[in-house]
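Each structure below is given as structure tokens.
Next come two complexes built around chain A: one with chain B, the other with chain C.
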Partner chain A sequence: MSIAPLLNKVFMVDLIKGLKVTFKYQHPKEVYTEQYPLERPAIAERYRGLPRLNVNPETGETLCIACNLCATACPEHLIVVQSERNPATKRKEMTSFTLDISRCMFCGLCAEACSTDCLELSQDYEFALYSRDGFIIDRARMERGSEPTVYTR
Partner chain B sequence: MLDYVTSYLHSSLTPGQAGNWLWALVYILVIFAGVSGIVIVMNWGERKALAHMQVRLGPMRVGPHGLMQPIADAIKLLTKEDIMPSEADKPIFWLAPVWVVMIAFSVFIVVPFGPTHAVTDMNIGILFMLGVSSLGVLGIVMAGWASNSHFPLMGALRSSAQMVSYEIAMGLAVVSAIVMTGLGGIGPYGIGSGAGSGTLSMIGIVQAQAQQHVWFIFKFFPVGLVAFFIFAVAMIAETNRAPFDLPEAESELVAGFHTEYSGLRWSLFMLGEYAGMVAVSSIAITLWLGGWLRPFPSTHGPAINIPFLWEHPEQGVVDFAFSFAPALVMLALAFFSFFNAMRMPKHPLLKIQTIGLYAFGLVLAGVGLILLAPPVRDRIQDIFWFVFKIACFMYLYIWYRATWPRYRFDQLMKVGWKVLLPLGLGVLLVTGIIGLGPEIAAWLKGVV
Partner chain C sequence: MTDSTKSGFYQETAGPDQTFLDANELVLNMGPQHPSTHGVLRVILRLDGEKVLGTECVIGYLHRGVEKIAENRTYTMFNPYVDRMDYVAAVSNGLGYCLAVEKLLNIEAPPRAAYIRVVLTELNRMASHQLWLGTHALDIGAMTPLFYTFRDREEILKIYEKYCGARLTTHAFRIGGTLYETYDGFEQDVNNFVKFVTPKIGEYEELLTTNRIWVERTKGVGVLSGKDCIDFGVTGPVLRAGGVKWDLRKAQPYSMYDKFDFEIPTGENGDTFDRYIVRIAEMRQSLRIIDQAVNSIPAGPIMAKVPKVMKPAVGEVYVSIEAPKGELGYFVVSDGSTQPYRVRVRPPSFVNLQALDKMVRGALVADVVAVIGTLDIVLGEVDR
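Entry: the complex of A and B
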């Protein structure tokens, strides 16, 4: 054995280096944990969370034209769009829109398919539920968007 | 009766030596409470320091910065279901945790927190400590055997092999320190200026360090340091702590010897483990780090008599400066908690916690101010330095655990038998040769 590795071993240089690393990490600024309900994480803009149906901000009407492209694009066939033709305007109008988020994998293909930028994946991530009943979300829920849980204590 | 109580106050002996059972009982209760207090603080401190080293936060919810976490843990453990496996050997299963705690606490009989602050002083003190503390392994083996399960048995087997191997190296290191008490020279390299006290008593060992004006870690540098290093490694192995925690290796043996234990019995094992850590640390402190002596004890002069310091203000400015250390440490801790209280996020839900942290800081500052008062300041010196050194050792235990991975069993045996044992023999030999240097030189002269 050559002399340098032997001295390394005798004086436990590597072990002391390790101690130095852990000692440095004690500084409070190194802490990585988030105090979750108090501090909310910064979500990336392109994060794919709960799908949302956008409305026209001026009129409050939905942007959906009931073209059914999203339902066709969905690989799991989770989207059901129902529509009827308005006899006055001769346009198709969406009557109901449901999405089963319990099976959704947030691939974003529906949002890509949407021709009017109505369906979009929001940054909302808080949709855990106590039973399976609420996982099929409807148009009203998707237009309301993010509903973060409020903790009082 | 009153005479009996007050008569001890004027004696300069430990209650055991003075034959005063009442004060001995008081000392036992105080030491029991104190060690349990250290275990409680350690419970919080370990989780917190370990968490910060792993860039986590650790307990934060029960009290400010999780300060009440040990209490919550205690309530949880006490109210948990007490499970005893149906195929277990019931009397032994019951006895094992009791045994571990009993052994861990009975070694504190001879631990000297100050020249008079021990339950008793035996003339075979260090031998008693080593003998009794090595009985602790019996509790672990009993737990492993009585559980009637594979993982505990494996843990107990590993534990017994490990303890037997490391006890030898530990003993050799201790003998080298005891030999040093018999060499009377002054200073790190003082040789042959009269024989020393040559004692096995815990108080005697510290007094020998005071008389020789050197902590034994610096005696015959680096011989004392190497002996201390051997002991420091062996003591981690003896207490089954990382990186030598094979008997309770989580990733291999679930929880090792206490896999089948839960609730109160499990907490007794934890209490025993932490009390054992304090016990072996206090052996190391007594033998090498000057026990209750403060740093640079040699500036005292030969008449070292710390507990009655306030009667001798002429003893110098260094003593005066060091006498502020306990108060300064408490005030620093108080400042630390005020600082953290100010850094707390301003959130209505955290208001009570912030107030609690301010109150905790106030309590610490109050204790610090009490420690500033001259009579308290001088009387607390020796106890403070001993506890301060214990705290340093406890921090080192956490630091090691956070840093180093567990040794493999063959590596453990290799370190014990092929490194520490020869090293210990060498240190003992070198200590003897240096200590008997003048005699050997004289003999050689006679031969030549």
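Entry: the complex of A and C
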């Protein structure tokens, strides 16, 4: 064995080199862990979270025109839109809207298909539940939108 | 048991007058819950003490029937499902599928979209190799790289989240281009990432390349020569570590890869150490491509003219791309309707996994873990 590798072995140069790297990250400002419920991550503007039904902010009426395009676009067929024709205005009006979020994969195809900017994927990411019952969400829940959990001590 | 006996895997070692205690051979199940099999892979090992006499892989624990699902979805609807095959390289999967359907429709993504695609797929190659490095090192016993690779991979996921709204199963590309325009500061974010991660790759190397334990555990382990790789159909870094200079980005450039200047790193011995060196070098080459691509994204549209209802003409295409793990191919057959008649995926992990038996025969049990890690399999892609 030539002298250089032997010295490397005796003085454990490889170990010291590695320890140098790990030692560099001992400083508290190198900490990467987020203390999740206390520290919330910054959610990107385009984040695809829980779908939301938008309402007209002035009148409070839904923007949905019950065209059923979202239900057709959904790969898992999770959206059911029911509508009724209003005899006065001769327009279809959405009566109920349900979405099964237990199978939703947040691909965003429904929001792309929406012709009136009504259906949108919000930044809400906290919708875990203890039972399966609540996973089929209705119009009221989707219009309320994000409901972040607040933890108090 | 009866089927396996026929295949000659189990050999009758104990005669009628021997008890099982006299037998030298032991059949041991590794997985499907073993953490080092990177998912739900079950390997049946035939052992003589610590020595591996033979292996048999049992796959299918994660089979979801993705290819069958494709037959009941329109071309657009199937797009999010491909992300769920190789979930650590979802963007590459999406690119392969989109390119295949684009070829079927006879359209081409505009240059701007192609450049954005290159940036994101190369970022994905980085993310996939980083995840591979962390978990592979963890399997062999080095715990530190895992934390550093995951920390740096997080930056890529943040760019994905800002660009398309999802971190892992991104659904970033659409047939005909990309849906999302780059956000304000995209170029800066990517450039910052390149600057941030270049010294970090040197740190991974400092932790491992000369580390005595790492070298002893990987050099000469799981040797697969270039010829064997070609015989098995193995592609990707495993093939290149065997000394074969084959990269689909150079061999049949897609998505404007011929515009970029990069090299194909190759190894010599085809052992686990060489595959590690090749992947580290590939990360550096990826950074080179990202650097060139992100600073020269041309202006223009990001979506080609695509019909709302896609009805490709009757025909079939096979398009393959260089995914982080090897050749990822999509064979799409159209019968002229809105839904594909058949989609067949050629996943790199599934083909690479075949070589496991050849690589571990005669090695020790601990080397099986190293070899499964070095093959860089993702069970979502093996089973589909």
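Methods note: the second predicted complex is superposed on the first by the 149 of 153 C-alpha atoms of A that agree within 3 Å, B and C clash if a C-alpha of one lies under 4 Å from a C-alpha of the other, contacts with A are read in each partner's own complex, and residues count from 1 in each chain.
Everything that follows uses one rule, which is that contacts are C-beta pairs under 8 Å (C-beta built on N, C-alpha and C of every residue); 3 or more make two chains touch, one makes a residue touch a chain.
Note that this is a predicted model, so its numbers are computed, not measured.
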Touched partner set for A:Val13, first chain B, second chain C, both or neither: second
Superposed model, chain A: greater residue contact from chain B or chain C: C
Which of chain B and chain C A:Thr22 touches, first, second, both or neither: both
Touching partner for A:Val31 - first (chain B), second (chain C), both, neither: first
Chain B versus chain C as contact partner of A:Gly108, first or second or both or neither: second
Chain A positions touched by chain B in one structure and by chain C in the second: 15, 18, 21-22, 25, 32
Contact footprint of chain A on chain C as seen in their complex: 73, 76-81, 84, 144, 148, 151, 154, 158, 161-166, 169, 171, 179-180, 183, 203, 206-207, 210-212
Residue ranges of chain A in contact with chain C within the complex: 8-9, 13-15, 17-18, 20-22, 25, 32, 43-48, 73-75, 105-109, 112, 121
Interface residues, chain B side, partner chain A - complex: 49, 52-57, 60, 345, 347, 349-350, 399-400, 402-404
Residue ranges of chain A in contact with chain B within the complex: 15, 18-19, 21-23, 25-26, 28, 30-33, 35, 38-39, 153
